[in-house]
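As structure tokens, the structure follows; a few thoughts come after it.
When the chains are written out, they are named A, B and C in that same order, and each has its own residue count from 1.
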Amino acid sequence: MTLPTYTARALADRFGLELRGDPDLRIEGVATLGRAEPGQLAFLANTRYRGQLADSQASLVVLRLEDADAAPGAALIAKDPYTAFAKMAALFDSKPVRAPGIHPSAVIDPSARVAADAHVGPFVTVGARSVIGDGCVIGPGCVIGDDCTVGEGSELIARITLVTRVRLGRRVLVHPGAVIGADGFGLAMDSGHWIKVPQLGGVVIGDDCEIGANTTIDRGALDDTVLEEDVRLDNQIQIGHNVRIGAHTAMAGCSAAAGSARIGRYCLIGGAAGVLGHLEICDRVVITAMSLVTSSITEPGEYSSGTPLTDNRTWRKNAARFKQLDALARRVLAADKES
Amino acid sequence: MTLPTYTARALADRFGLELRGDPDLRIEGVATLGRAEPGQLAFLANTRYRGQLADSQASLVVLRLEDADAAPGAALIAKDPYTAFAKMAALFDSKPVRAPGIHPSAVIDPSARVAADAHVGPFVTVGARSVIGDGCVIGPGCVIGDDCTVGEGSELIARITLVTRVRLGRRVLVHPGAVIGADGFGLAMDSGHWIKVPQLGGVVIGDDCEIGANTTIDRGALDDTVLEEDVRLDNQIQIGHNVRIGAHTAMAGCSAAAGSARIGRYCLIGGAAGVLGHLEICDRVVITAMSLVTSSITEPGEYSSGTPLTDNRTWRKNAARFKQLDALARRVLAADKES
Amino acid sequence: MTLPTYTARALADRFGLELRGDPDLRIEGVATLGRAEPGQLAFLANTRYRGQLADSQASLVVLRLEDADAAPGAALIAKDPYTAFAKMAALFDSKPVRAPGIHPSAVIDPSARVAADAHVGPFVTVGARSVIGDGCVIGPGCVIGDDCTVGEGSELIARITLVTRVRLGRRVLVHPGAVIGADGFGLAMDSGHWIKVPQLGGVVIGDDCEIGANTTIDRGALDDTVLEEDVRLDNQIQIGHNVRIGAHTAMAGCSAAAGSARIGRYCLIGGAAGVLGHLEICDRVVITAMSLVTSSITEPGEYSSGTPLTDNRTWRKNAARFKQLDALARRVLAADKES
């Protein structure tokens, strides 16, 4: 592979940034401040790492105006250096080209339609009435069930399952092992045995969503499970049936939303956090890691549950007292009244 | 696909329900109260949704006797409307037919046996001495290892792995990405390095069990890991080696049971709840979401751990005090003694 | 299969253990004390199970010197009976032989190299410039992307994805459904939409590591995600981008480490425990199950968070008081000052 190179001036012009330093400087790659070598671009976004500037070998650093004087070489000035860096780094991301066409091993139902310029890899199956849109990449081992739609420009990296009635929007990116559209967990008790509640709905994923590795999104019982546009799910997230997630919300790894929960727009759900079923969370709510949402949230803001980590001996003593907390509180309140 | 239709009378007769209204009414599908259109059946099980009755367009609603007068059109009377609805909805679940036969791409070990009327899809492998029973459906991309048995009428949707020595009962339903029978996590320390403890047992899954997407069930170290009949596991559940789960127990998404735990019959384990290893939980225990079971439970009932969610600022203050809880309790108790 | 048998003397000699009893005793298998039949070897490591010794049918038991007199038959004396048992049990682990060679269905990029004695199973893909080392086993349905290396003697059981730039050391064992080298979760906000931060790093896994079923390990954003030698990961673990895990550390099922966390050597991370991003944990730290590490740990030892499980009614009362904990503490401290 021949790696691309860009002049500092080309980067400044392309992304509308102010350049300080040699405009003809050639940039051949990107790196962290600490690891950068000459010819590389680095960034300073978190002032915590400002101390690394002086020793960095980076030829070019994108940073805020107030940090520009401390740059070891040339500098690009950005209001949001992290976002600017993300855009520039994309230039150096040499993604494999997946040629259009259907691998001879793929098994495509006669009623399915695959766009002429889509790539369908080895060992893929596409079920009845499903549609693969223009420019899609369906990587090796994917299973597309019946009545699914993959919108144009979407990419399923490998070994992904769309079970049935799953509609992906445009430019959706799905990572390996994800399972979208499996049966929701619907059970009813009948004379001491469980019976299955049929899961007749589907899943609708909006444009520009990203679904992490081994994440699972169940299809709805009657209506659909819905992710609005630009929702970003990390790995190993579980989304129950009939959940609705608002546009631009991001959920970190191992978090979960139980059946029929509604999460607003621009929310951030921390790692391993959980949202119980049938709750509503309004827009712009942040849930910190491993917190459990047990009632609806109607005000934007940051919410948490849990207790702090301590050494185990201290924890044991405090945790034992948690069992007496109500009794202790009653004593304190009673003593207050007396005095 | 031609969708089935049923008269109201046919539904009433088939499921032993009392009908109020036109017996010749034709029902063409099922929906929620809020979304139902004329010609559809809906249900009212949770009185919280009683207010939706008046505006519902549903032609037929299954509900309790005490709600019957409020039905907007015809009504079916049931003691348990949710269970009755589940049974009726199954009539409208148009599952794809999987024709008997082995896809030419499948790789079947010569010593394996596949029933003549089983369906084995594309890109499936079946290992030595394994047996696929009558009427089974083995979907695309499944890997059945050595010495496995899939009981009659079982369905493996797609991309499921039975690693080795896994015996599924009859009518077991497994969702994509599940891994059953991988090595348990057995390690012993030997001069500063881990050595692997061989995992010589298997997994036994009873009749009518359901295993969710990306759920993992390890095989036993010496004896077997066992799920009794009618156990229902949601997605992304982790079951360690030598766990035993009693009949009719249901576990919600992301919950886990560590090695050698024993969970009783008719238990309900909430989402992301955990059970430590070697514990016993008796029958009819409910564990609420994200609770951790750290000692055996011998009495039926509902159990919980964790702290309530609050805004982050309040949480920080209270969580900091948790570290002082034992000291605070000592002060309160000392003050009580003094007074 | 013909199962191997060993004399008691052969076992004693091979593993340097003292034998008490008949040296010509033939051992045909291993079992737990409670389930062992004549001709089988069992072990006693945990004194809690000492009471099972008298009734055990095991012909040979490996145990500590102080328990030897209680053995029902012959005994092998070991300082660490569990480790000794693990080694002996491995003799009875009849793993399937995977013959060298590439299955005709496998799709190997012309630029990839596969060692002559490696086994590549059905429906495997190997991408550009990837290398499969001597004696490797790549089971059915694995997807090896571009620029990956699998070190000699490694085994990928089935349906594993190495996405791109993943380098496995020697003798690495990976269980089904694991996804190694997917994009890290890197996002930047740009005018109300997320943009993706390119993930240009890779994953480096040291010798003798084990990766559990459905575990996910993301590749680094700029530098690599690193597991040093002999790291043992159970099932459904999530490792974020740029995490580094020290040698000989073991993590139990469903635990997680967020981006750029650094975990030391010889740590034990309990089930469903979490480590926030950018933290450092020193060597020899134990985190108990479902605890959340929210700041760096600089002292070896055992750490915990969470509250104890109680019946739900008691829990509700105590949990409600947790919301008042700071207020209660203030009252207690104020009362102390007054008195």
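Methods note: contacts are C-beta pairs under 8 Å (C-beta built on N, C-alpha and C of every residue); 3 or more make two chains touch, one makes a residue touch a chain.
Values in this document were obtained by computation on a predicted structure and should not be read as measured data.
**Q** Specify, for the interface formed by the sequence copies subunit B and subunit C, whether it is same or different in terms of residue numbers shared by both sides, with half as the dividing line.
**A** Here the answer is different, because the shared fraction of interface numbers falls below one half.
**Q** How many degrees of rotation carry the C-alpha atoms of subunit A onto those of subunit B, rounded to the nearest 5?
**A** The rotation relating subunit A to subunit B comes to 120 degrees.
**Q** Quick one: report the Å distance separating subunit B from subunit C, using the average Cα coordinate of each chain.
**A** 26
**Q** Please output the residue numbers of subunit B that touch at least 2 other chains, ranges allowed.
**A** 105, 123, 141, 159, 177, 214, 236, 254, 272, 306-308, 310, 320, 322, 324-325, 328, 332, 335
**Q** Of all residues in subunit A, which touch subunit B in the complex?
**A** The contact residues of subunit A facing subunit B are 105, 107, 123, 125, 127-128, 141, 143, 145-146, 159, 161, 163-164, 177, 179, 182-183, 185-190, 192-198, 200, 214, 216, 218, 222-223, 236, 238, 240, 254, 256, 258, 272, 274, 276, 286-288, 291-295, 301-308, 310, 314, 317-318, 320-322, 324-325, 328, 331-332, 335, 338.
**Q** Along subunit A, where are the residues that touch subunit C in the complex?
**A** 30-32, 35, 80, 82-83, 85-87, 89-90, 92-93, 96, 103, 105, 121-123, 139-141, 157-159, 173, 175-177, 208, 210, 212-214, 230, 232, 234-236, 248, 250, 252-254, 271-272, 289-290, 306-312, 315-316, 319-320, 322-326, 328-329, 332, 335-336, 339
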